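Step one of this worksheet: look at the structure below.
In order of appearance the chains are A, B, C and D, and numbering begins at 1 in each one.
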């Protein structure tokens, strides 16, 4: 299963190794790790709660992965996303892409992250010194996702 | 030291963790792992020997890293490159970049790989069923590196 | 009967995470359902008015106001996503 | 005296990895040094003729034919790089 939603932490090195295991044609693996920062939108963040829509989350990410596979020459994609209670410096998300050559691996990995940011049903609630707040979506994420829109 | 040339294998997960350790402003880490393929330029590759220019290699990669830091909003870069005897599915090279946001981390990581491919003094000699051969440089690598050329 | 699910800020403001609802005969798309829920007043009216952005999914696919709904559907309302 | 270093295909064809050389008075740049080495004939002439691409570094910086060289320099000749 190329998508895992879990509360436990993950080991990027192990996921990278397992994604390319048994495929000697893999020449390039790209990985992205998203991390909880101690500051966001000008406030100190003590910790956060990540909520998701079980079922739809896996489905939305699987669709993003299929789209990446149809657009780039890549072998496999693995996405791990944590939910529940997280604190600064905790890992949130991992995207790993394997391919024969690096160009495809880089582009597909960034595409998956940009689409995940705007299409996968997760919501962050941060604890700050001014109280709890739901994180607002960013226009910059919409811009990043729009870069990948294809001409018909 | 942000550059390591070594014959031993590396653990991408450990390098990712160590690059961002102690910096709670890191929100994004990108990693690239290059791997020996069992096929190259139409021939089966049994194994290879990676030669380098000690001293200049470290210097050339350190300069690439400095250039990346001056061009993108990133915190740290780590490059590990193996030399000596390698066989298919072995890891060759690791580039890890940490930053606050993912866009900078993706671009800087790809830039470092593209420049390393054309500017760092390494040479590969492959063993194939037709005998040993020095790998020839690729025009596609020059094209990839040229993308990053800046207007004056 | 449809299943309605609310997430994140909406779940908190509306004070519920999910409910079962018998669709009145005239309600055939998301716009119609939203009008029905807003008629409850209070947080329902203010949260679903569109002053703050609200997204919806029908059977776990992103949906628009014109998206048709019918018996047995799972319909979710939530703010724009903020994962990753 | 300069130190000359050869890598990869050049090292093998020339049959040596490095040497010490006293620079003749007239040799002041890489072009001059290359002409001097080519005059040795055989693999020296064929490898350095430029039919297959050759790169050079002076004191571990990539260099061109016009790059000046002088006593104490470390000068390397090698094929285009193929790492990563």
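One rule holds in what follows: a residue touches a chain if its C-beta (ideal position, glycine included) is under 8 Å from a C-beta of that chain, and two chains touch if they have at least 3 such contacts.
Not measured: the values here are computed from a predicted model.
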Identity of the chain that, by mean CA position, is farthest from chain B: C
Centroid spacing, where centroids are CA-atom means, of chain B and chain C in whole angstrom: 49
Rounded Å distance, chain B centre to chain D centre (Cα mean): 26
Residue list for chain B, restricted to those that touch at least two other chains: 34, 113
Touching two or more other chains - residues of chain D: none
Contacting chain pairs - touch in the sense defined above: A-B, A-C, B-D
Contacting residues of chain D [partner chain B, same complex]: 5, 7-9, 53, 57, 60-62, 76, 78-84
Contact set on chain B toward chain A in their complex: 11-14, 16, 20, 24-39, 88-89, 100, 102-103, 105-106, 109-110, 113, 144
Complex contact set, residues of chain A against chain C: 34, 50-53, 55-56, 59-60, 81, 92-93, 113, 116-125, 134-137
